[in-house]
Amino acid sequence: MVEDKNIGHSGETPLLEVKDFSLIFRHYGKGLRERDLEVVRNFNLTIHEGEIVAVLGASGSGKSLLANAILGILPDNAVTSGTLNYKGAALTEKKQALLRGKEISLIPQSVNALDPLMKTGKQVRTMIARRNKKRVQQDIFKKVGLPDSAGDRYPFELSGGMARRVLISTSMAGNANLVIADEPTPGLDPAVLQETVGQMRRLADAGKGMMFITHDIEIALQIADKIAVFYEGETIEIAQAGDFSGKGERLRHPYTRALWRALPKNDFISLQPSAYSNSRKSGKPSLEIKGISYHYPNSSWLFKDLDLTVQPGEIVGVYGHSGSGKSTMAQVIAGYRTTLGGTVEIAGKTIPKKGRHPVQMVWQHPEKAINPRWRIKQTLQEAGEIDQKLLKTLGIRQDWLERWPSELSGGELQRFCLARAMTGDTEYLVADEITTMLDAVTQSQIWHSLIELADERGVGILAISHDYHLLERVCDRIIHFDDLK
Amino acid sequence: MNSSNMAKYIFGKILKLASLLAAISILSFLLVSLSPIDPVQSYIGADMTRVSPEQRENIEAYWGLDESPVQQYLSWGNAVLQGDLGTSLLYRSSVADVIGERFTASLALMALAWIISGIIGFVLGITAGMKEGSFVDKLIKGYCFTLASTPAFWLGLLMLMFFSVWLGWFPIGLGSPAGILEADVSLAERLRHLFLPALTLSVVGVANVALHTRQKLIEVLESEYVRFAMAKGERGFTLLWRHGLRNISLPAVSLHFASFGELFGGAVLAEQVFSYPGLGQAVVQAGLGSDVPLLLGIVLFTTLFVFTGNLLADLFYKVIDPRIRRGM
Amino acid sequence: MEGKITHNRRRRLHLNIRQRTAAAILFSSVILAGLIISGLLIDADAIGIDLESKNRAPSPDHLFGTDWLGRDMLMRTLKGLTLSLSVGVLAALSSAIIALTLSLLSSWNKTMDNIVTWMIDLFLSVPHIVTLILISFAAGGGFKGVVIGLALTHWPSLARLLRAEVLQLKGAEYVGVSERLGKSKIWIARHHFLPHLIPHLVVGFILLFPHAILHEAAITFLGFGLSAETPAIGIILSESMRYLSTGHWWLAFFPGFSLLLMVIIFDVLGRNIQKLIDPFHGQRI
């Protein structure tokens, strides 16, 4: 049982109160038996007016379902139990239907939440009850920094960042008391992110309550007053944002503390990379990227005449915002795309197109990079014989080998992707946002093993990320992608 | 769509049609020339014994049968390019005329069935999709699956037995009553002959549209934007009207246009059962009676017909869907 | 004030969906097997001419009645269904093989894919029935013409489906990784594509049956397929046309209805196997 440490609001009726809430999905396992999958259990949370409460948990942990449960729009095979109170009264199915969009509004996670065949202005206007709908909508667009013309566009004509701002606009149009924001920030560049955080803060200061669902502890700390830590379906701790300081002495649960300490800006890894100087002496050849260029058909150059050198055993960070083209660069270097000029060379020789590529790449989403129809062992064997020492370094347990990919977590799958990429005579590794989707603790463990591997095997690593703190922690040197292109 | 893209699109479509027609004509000509059926014999029929070898040779020379298949194809293809599809052996008039006349009759039948089945199918699909899993849904789904498994000609036979033989409401066959000149047949009389084949064809056509519409609506109702619309407080008929219909009508109408091939297939069978003098009946007779010029002509014509349907389906998307309209 | 709510959306069912699916598969397989066995056991005597009992309406002796030659319609129907089944097997099997081969070929490169797509478009550009008439005519009628015709007209829809799957797989990250690990195209086709395509192929194969059987009956009905002596459903129905006005309704009703039932059973079989194999559909309530 978690106790809410909020003292300031103890007298008022909270806007939203969730007590011992649990959610079960009925689904089919192997064979013909039905199974119940418990996604959320014993979830507890209170939100008062003027307060932003962050729900912090790993991606895929079922946080988004909480939002749907509060709004009463869960799919049919969900079974819920526990208490949901809004302004002190029970939130029944009937009441949810009445309050949805009027008193409780949602900022959804995905830009797919916009109707593809309706102009965005109209989609926002359906939320406005007052007269002069068009005026009101245009005012809101101005507030979130959207041009007037955006209202006459269809969602596909807007960039990801603009579409997100349209989603935020809908929640402002409704004049709701409680706003549930479901991961509204990924993919926003820092300036827009600051803007968005500011918008939300203003909404809260105007007396609204907000539930902010995220996997990113740093954003949670930036925006929220209180943070509910969600781990394996449970709230393990509800802490004030201010408790996240120093070495985390004021945090009570060991996991929360580990999460805080594992942040790149805190302890992260005590081991400092020093392998670089040793390995270079071993006389291994370096990876030389000379003047590569790329653009997609019918669009402008993503990068042109890009030069980059990675030494064996060296970890080089490439920092840039999402959508800047750094992933495309990674794919060109690892041979997934053909460069439109220039070469990628090892020991002065262009890497041949056919055969095993000496530069292997690991992707952001491990579940997409693994064949779901194979046992995980088979995935490893695709790269060659299983290297037990490698598995040990990466923290892969023997009993995982016999499992199906769907039975492993994202962090576990990513370890397998790394193991596959490192098996055999891989000389360089391109790591494209490999820990972005993982929680801080797993992130720290994975980078720990990678630094060890780079040191041991003299493998050079090109680490690509939007997280500067992370790169600072793990890399020998950092290059800004904008300087490169 | 700007004009240069438009030109590119039209040019692409014309090229595609030309390549299809060329390939179809070569393939079908090849198939026809492979046939073991002797065209002269099937033309003359029982009188074959009375035809002397010289007369036979004359006929063969007249039809060009003494030339090599390649030469035959080239001279036929050349004539087709000049608009001459040859002369039908069965009807003893130009193939183009036969097709024109027969197709008009078929068109009335197919258009009627196409519109009726489209409307009923769409409504049934929406009803089922809105109430997925309910009794109504199961009823409609079961009905559609049964229809999809029903031999169209058997359904026609049953209708004929029930309405024409048993109740005597409709004539047993022929597009117009026998013994009356084509021009003298009244509209009511024509409709009476059109009714049963059109009914059969519509009943069969409903299943496809209904099932597709249902599936699409279920997908749309589960989409993130409908979930979000629900979160915004929209529900019931408003939700269906604003987000449902907008997103399902496009694929449904498009699918219906793209089903001209099946529509014609159904018409062939319906016309045969009800002795309706349309193009479908003509193709059966051409096949049975070895009327090669007519058979080839109809093959080319139906290719054009199906292509038109697909083109309309494509154009419909291009004109209506903003993602394609503005994206181009 | 506080309220305790439990939203229980569980439905009370004796069998869950998976179990019902498995039961449906078992049931339809048994019926189809029974049909094949009974069809094989019927010898020529059972459908022989018996002029003493001609034109009989359905009775306990002759459940489906008899025709103008006194042949038992039930026996003729069963024999006809078995025949339809064997035509269906041949046609669906060859269609499935053509579709699989072409879809794998289309994964080779862009040019190959264009050729395959063009071929699919080509075969879909003439109505099936017209193609069937043309091919039957070319083969001079008979069993061979029907099977060739059905095989050549039914592969495109399945090939289109499989090609879409291959295309999607080709873009998958794990296939890209496999290429970068130096695996050959053939290795990838065999280890990544084929295992993924097999379930689709099995379902596609079974769902082709109903179509093939219906088209077989249709083309035979039109007079192109099997010779007039064969007890095929299409022939039985086309003969029945001559006796419609005399009120011999059973000649058309029962054979057609039996065909309808068989097609439905195949459809049920295919759809349920699809539910079991395709995890996405299997999860649906």
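Order of writing sets the labels: A, B and C. Residues in every chain begin at 1.
Definition applied: a contact is a pair of C-beta atoms (placed from the backbone, for glycine too) under 8 Å apart; a residue touches a chain by one contact, two chains touch by 3 or more.
For clarity, every value in this text was computed on a predicted model and none was experimentally measured.
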Remotest chain, chain C as reference, centres from CA atoms: A
Most central chain, judged by mean C-alpha position against the global CA mean: C
Chain pair that, of all pairs, has the most C-beta pairs in contact: B-C
Chain A and chain C: spacing of chain centres that average the CA atoms, whole Å: 46
Averaged-CA centre spacing for the pair chain B and chain A, given as whole angstrom: 52
Separation of mean Cα positions, chain C and chain B [Å, integer]: 22
Shared-contact residues (touching 2 or more other chains) in chain B: 133
Sites on chain A at which at least two other chains make contact: 76
For chain C, residues contacting two or more additional chains: 285
List of chain A residues in touch with chain C within their complex: 26-28, 31-34, 76-85, 88-93, 334-336, 354-357, 360-361, 363, 365, 368-371, 373, 379, 382-383, 420-421
Touch list for chain C against partner chain A, complex: 1-10, 16-19, 22, 172-174, 176-178, 180-183, 191-192, 195-196, 282-283, 285
Residues of chain C that touch chain B when the two form their complex: 118, 121-122, 124-130, 133-140, 210, 214, 217-218, 221-224, 237, 240-241, 244-245, 247, 249, 252-253, 256-257, 259-260, 263-264, 267, 285
Interfacial residue positions of chain A with respect to chain B in the complex: 68, 71, 73, 75-76, 97, 100-102, 105-106, 108, 110, 112-118, 126-127, 154, 156-157, 170, 174
Chain A-facing residues of chain B, complex: 133, 222-225, 227-235, 242-243, 246-247, 250, 321-323, 326-327
